[in-house]
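Below: one structure in structure tokens.
Chain IDs A, B, C and D follow the sequence of writing; residue 1 opens each chain.
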Amino acid sequence: MLPTDELKKISFTRSVRDGDLVIVYERHDIMKAVKVCEGSTLQNRFGVFKHSDWIGKPFGSKVLSNKGGFIYLLAPTPELWTLVLSHRTQILYIADISFVIMFLEVVPGCLILESGTGSGSLTTSLARAVAPTGHVYTFDFHEQRASSAREDFEKTGLTSLVSVGVRDIQGQGFPEEFVGLADSVFLDLPQPWLAIPSAERMLKQDGVLCSFSPCIEQVQRSAETLQSKFTDIRTFEVLLRTYEVKESKTDSSQVDGSSVGLPPCKRRLRSKDSDDMHDDSSTTVMVRPCSEARGHTGYLTFARLRCPS
Amino acid sequence: MLPTDELKKISFTRSVRDGDLVIVYERHDIMKAVKVCEGSTLQNRFGVFKHSDWIGKPFGSKVLSNKGGFIYLLAPTPELWTLVLSHRTQILYIADISFVIMFLEVVPGCLILESGTGSGSLTTSLARAVAPTGHVYTFDFHEQRASSAREDFEKTGLTSLVSVGVRDIQGQGFPEEFVGLADSVFLDLPQPWLAIPSAERMLKQDGVLCSFSPCIEQVQRSAETLQSKFTDIRTFEVLLRTYEVKESKTDSSQVDGSSVGLPPCKRRLRSKDSDDMHDDSSTTVMVRPCSEARGHTGYLTFARLRCPS
Amino acid sequence: MVCGMRISWFLFSVDSLFWCLGRARRVYRRIGKTSPKYPCESFKMSSSILQSESPRNPRLTWEGCSVLLDINDGDRLVFARLSPASTLKIGNKSFSLKPLIGCPFGSLFQIENGGNGPHLARVMPSREEGINCQEMEEMKEEQVIKDELRDNRAIVDNNKAQSLSSEDIDAMRSQGATGDEIVEALIANSATFEKKTVFSQEKYRLRKQKKYAPRVLLRRPFTRSICEAYFKKYPARIGFLRLDALSLLLSFANVTANSDVLVVDLVGGLLTGAVAERLGGKGSVCNTYVGNNPNPMDIVRIFNFDDEICSRIMRSPLAELASSQVENSKPNGENKVGEQASHPVNMDESSLPSTDQSSDLNSESIVSPLTKVFKCAKAGDKAPPEVITTWKENGFTSLIIAAPQSDAWSLVKDLLPLVANSAPFAIYHQYLQPLATCMHKLQLEKMAISLQISEPWLREYQVLPSRTHPFMQMNAFGGYILSGIKIFNHQ
Amino acid sequence: MVCGMRISWFLFSVDSLFWCLGRARRVYRRIGKTSPKYPCESFKMSSSILQSESPRNPRLTWEGCSVLLDINDGDRLVFARLSPASTLKIGNKSFSLKPLIGCPFGSLFQIENGGNGPHLARVMPSREEGINCQEMEEMKEEQVIKDELRDNRAIVDNNKAQSLSSEDIDAMRSQGATGDEIVEALIANSATFEKKTVFSQEKYRLRKQKKYAPRVLLRRPFTRSICEAYFKKYPARIGFLRLDALSLLLSFANVTANSDVLVVDLVGGLLTGAVAERLGGKGSVCNTYVGNNPNPMDIVRIFNFDDEICSRIMRSPLAELASSQVENSKPNGENKVGEQASHPVNMDESSLPSTDQSSDLNSESIVSPLTKVFKCAKAGDKAPPEVITTWKENGFTSLIIAAPQSDAWSLVKDLLPLVANSAPFAIYHQYLQPLATCMHKLQLEKMAISLQISEPWLREYQVLPSRTHPFMQMNAFGGYILSGIKIFNHQ
């Protein structure tokens, strides 16, 4: 997934090869991760796609099924991965992920501790940020979840950047071997305050901790616990509002009263032929917020380890 | 302010008269309430305005100062009043006010209890909603604040709709005379939970209560108290995002690299002559959110008195 | 006039109402009055006895009254008119709504097995029955809350946990067990219930209660509840007009008793009804329209408006309002002004009823209406010439436009001259650019000041011990509002 | 190359830096290297000793290091370069920054009266010194919190409450009293302090502490702190690019070590710096521009980038990138493609430096710079032909555009062909309509899929016992982002 291996980096010249992980894109909300395998096929509502047809095509190509249906083959990125991974737990999405990595000051070479691993959505982006020389140590108390995550990181080629441990961080804290070595710590735990004293010992001076909690009571209690050894304690909520774009024919003919209540001839952009569209003068691109949105994911509480007294 | 007195209702034929309350509009963010008085003058940075010049002019007129500066004379409304009243306390603004009145199901004829009166911003809108036959009984523990509010209601002509009492509602509850008579109760108190048992006795069956609190802890404690006798407990936050509109000349000439960093020739709409503007073809109206906004006012917790068991 | 209290045996629901709208949308239905079975005198008396101080704000239902039935905390929302003959279908059985007549709004009903078989009976609320919207929200979020006390490591949910079969449940039912008893039996026979967290136990109980002991809450059809119900189930019907946006329109336009409000209502009558509710029978609301066909305002009938209020709701074509002389009810009068005012840009998202039905219609359907009789036939009558004359002489005291598919400026330029000087106005729209253009034009033409485009933002919270947070699902868009004040222009 | 560790005695601040920008904006300054007083070897050694595992992420300051000084919790934010000669003006006195050298980032400094007169000295933090942003927010909201324990009925604040005169304070100072001692004296001599609520007492103490015992916090200049500082003090300089929007751009564009990122940076170099920080010295960032003059990227110099990272930051005119053959550093090469790519729509709100200075510049000013020497002269060098050839052969791995005043589509149509197939891209803009149009065009031209316009929304909370709520002031607008993935197009 990451261009750490120069040979796997996307470029004009790189094509899909046997064994590659590709993201099969049907629609912006229908995608799937597929491992390309010479003899395999992919079947969906558009028909049967032979993997052998894919090999040698540039990434970003449109490929056809036996029935003429099509999909796109995309190179995987952590953002696409977040959309296709299997949800073993509630996952973090791009808005929270991006902000966490920025606010935790994660840069190449950092050593990051994370608990819990969950579905590995954040972990994947953390790995991208610490590459090529840093490392993410991530822990989950749930044995099976940890091994599923491990398999995923193998699939996405991140094993050199991520280690998954099975451990109850709330109960046992982080392993002693990381004392004073962590640049940043991320907690997504039901009772983060139980893990904060351990996180504090793991952090380098001036290192940053982040705790993600859906409920304000968890934030209140964490903030209280953080008060003694941390400074610069700040709590945020990050959301993303998406917009929908459609074109509308600017119709200046008289519309009689009765038809005003009828739905307009609505045409969504993505389902349209480009051919009949090039008289731009008569169409307007209209844009408005999508009405359904994620209204809350969680509160992000950040804190910086206070300099030793 | 309200058209309860048919003679004071704005219309094509109604003009400014001696004794009228007018809103002097300089700019969308500079307004002032003035009582028109034959011999008086108003002085501002645009010069001196004689009230006598105003009398006989239609509402909504532009009037000139001795120096040729101008202002507009507007008929007062609760919305304008909210923008000009003197802030004796933090006030509620249009978004919260509108939602509260809607969610409290306030309609003409209702009897409403309110505490505290504060600066009377909400009270004015409540009065408008219960007019012409309802009544708002509003209480504040602060003697001076109550009498200032009373003066304001006199000024805005709402005395037949509003009564102001001095009373510590948290300590003493609402007066016994209102038991079972209130259609709705509004609380803006630091410890609303202390007033909830009294509010509950005042409400008619199925009546609605609203408590406004800036902090979540107040909401948590209120919600807990409400649980025993109320149902349909819901907490909201309402905000308003405003947009700024400006026009921009669509400039298709080549701009060389160095000038890209320079601020564009920005022209705000309100400071513009209409004369040089009528070549609409070359200008585009651009709109974007204002960056500064009220980020939080308070939480609105509503609850409906449960039907008697 | 006196005999206006129309009582009907028609039970109408959002579902069936919209079915009608979909089929007969072009027809502005005016179904004649029926002879009421119960004389209006009796209603007036009873209402005056019960609600001496507030006849327009009754707290008990009556025969012929319109109600909102909230089934299982918002899972289904049904508007109905109460009569001894009206019924509500729950599951595959129909239940008479007669027991709901004369009950306080806010009452809760459940199915009970009485002498005459299962019927709706009032539940006397006790503390633990305080189910509310917040718990509902909670139900949606399986994974969000990580329980502090226990965790789900030990629980394998493989559908084998329940030892009670559906045959067993049917048998219990036929033996007259109540829904609550079935729920208790299910809990007693669940192998995993005891292992669940307290929180999961609550969730389990609620899920079973909804299925086996559904509850019907009796609510008043006010603007609040009507707007919320439509927004939840059929947002496109009301142009996605969210409650907070609607409340802002009423504020911005200074709606109050004794005012004369000009509206363009392409949101099914919701705006007209909301304005009429605020007028309380004093003043007037004029629902104007471009062209020859009035805009439908069926939602007005859902309000329990009395005759006085209904008579203040009038319609008038823009052509007549804008013409220099009053045209005496010329029925299909075509007018140049009216035509010019309408250059709608087709841009609304509202989809056909058929789409809606498949997307958000409840699978459980509604009993068929017994008679298609509508209350409030008077509401929305054509404004008589003398009223139009008064409006022209005095001007409207404010203007509200909620026409999501029309061009704001085209409407405003013709409508604003009809409102009094210094009168406020508010325009709701789904798109920002048409309002920005409109605002720009109003400034250029020096027609208005205090112009502002605003967007309401509403967020609901779950407030529960240790589980307080904003709702996970939110409606991210409440539309845009352009507000302003008309100025007097010498030219 | 080895000798790239430029040390300077120049203290530069946001203020002075911008003054330069304002005056000399059209000139892309490339000030030559100075001979470093301290050999780079010594830095490398010391850094490798101190930070063995993370040489690019040092936790202690060093001579020549760039730092962010946060004075009184964000009241003033000053970027400075540490040297024995650099000074910081607080009030009307200048203080040497020498004591800050070699201290851990995160250290707090206060003015102390030592043998050599007042100087900055490190404060060893204790619990009650945990002032933070939240308390700051609290300070702004005088009326919001109604204290539960006491109320302010009894307090008349008439400036007579303080018996200590300014002469008394001056006298204390000249006798060597510390700022903290003065604060304590003020509290002891306040007639109303004891009557205040605990909360008000805290507020009073903090206010006095800021005035009489100001604190300087030493922070690392990372993308996080640089973006926050600019956004707070000079948002127009960075095109109002808020931290959350910037972080999204980096994610959407999949920026990571070993990638080759094409950027259009009209946000002062913030974007370029943020990308370079994520590259960590592997891969490249190409800052391209339309026309002949590179876009300024002064902000890059605020980062503590080492030579390796700096060398990966290159610039190249679009004309050269888009031409079919590599033009060997033709300095003022005009090119049709480049010209076509720029049809800027003037619509940004950024105002002239002079306006900024009067509006949000701190009244307290900064010491004058001793020498105008810039670090990282290598950063932003013109890309050598062989690198351009590689970019052309392989394509960029992603594209980010932050050009608030340019037309998105005009840029994208020329830039997208330069990125590899399946490469992601992200475009930041202040206005929605240009992005909507751009998205539409990309769809029509079948250039990209997975297109989405999103708007980040950020809210900060005050979390304090019994006083938890979102900040009362918020920045309501973080810009819009169009993101997508380039597809391979056969034609």
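We adopt the following convention: a contact is a pair of C-beta atoms (placed from the backbone, for glycine too) under 8 Å apart; a residue touches a chain by one contact, two chains touch by 3 or more.
By chain, with names taken from UniProt: A, B = tRNA (adenine(58)-N(1))-methyltransferase; C, D = tRNA (adenine(58)-N(1))-methyltransferase non-catalytic subunit TRM6.
Because the structure is predicted, anything quoted here is derived from the model rather than measured.
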Most distant chain from subunit A by Cα centroid: B
A-C or B-C - the one linked by more C-beta pairs in contact: B-C
CA centroid of subunit B to CA centroid of subunit C, Å: 26
Chain centre separation (subunit C, subunit D; CA means) in Å: 50
Whole-Å gap separating subunit B and subunit D, where each centre is the average of the chain's CA atoms: 39
Subunit D: positions in contact with at least two other chains: 432-433, 459, 465, 468, 470
Where subunit B touches two or more other chains at once, by residue number: 216, 237, 241, 286-287, 289, 299
Residues on subunit D engaged by subunit A in the complex (per definition of touch): 53-57, 59, 104-108, 124-127, 130, 132-134, 220, 222-224, 243-244, 246-248, 250-252, 254, 256-259, 277-283, 393-395, 397, 420-424, 432-433, 435-437, 439-440, 443-446, 449-465, 468, 470, 480, 485-488
Subunit D residues within the subunit B interface of the complex: 25-26, 143-148, 153, 235-236, 240, 266, 289-296, 339, 342-352, 403, 405-406, 430-433, 459, 465-477
Complex interface listing, subunit A residues touching subunit D: 2-4, 6, 9-14, 25, 28, 57-62, 72-75, 77-79, 94-95, 97-99, 101-103, 105, 107-111, 125, 128-129, 131-133, 181, 183, 204-206, 216, 219-220, 223-224, 227-228, 231-243, 245, 247, 269-270, 272, 274, 277-278, 285-287, 289, 299, 301, 304-307, 309
Subunit D partner contacts - residues on subunit B that touch it in the complex: 89-90, 142, 189-191, 214-217, 237, 241, 246, 248-252, 254-266, 284, 286-299
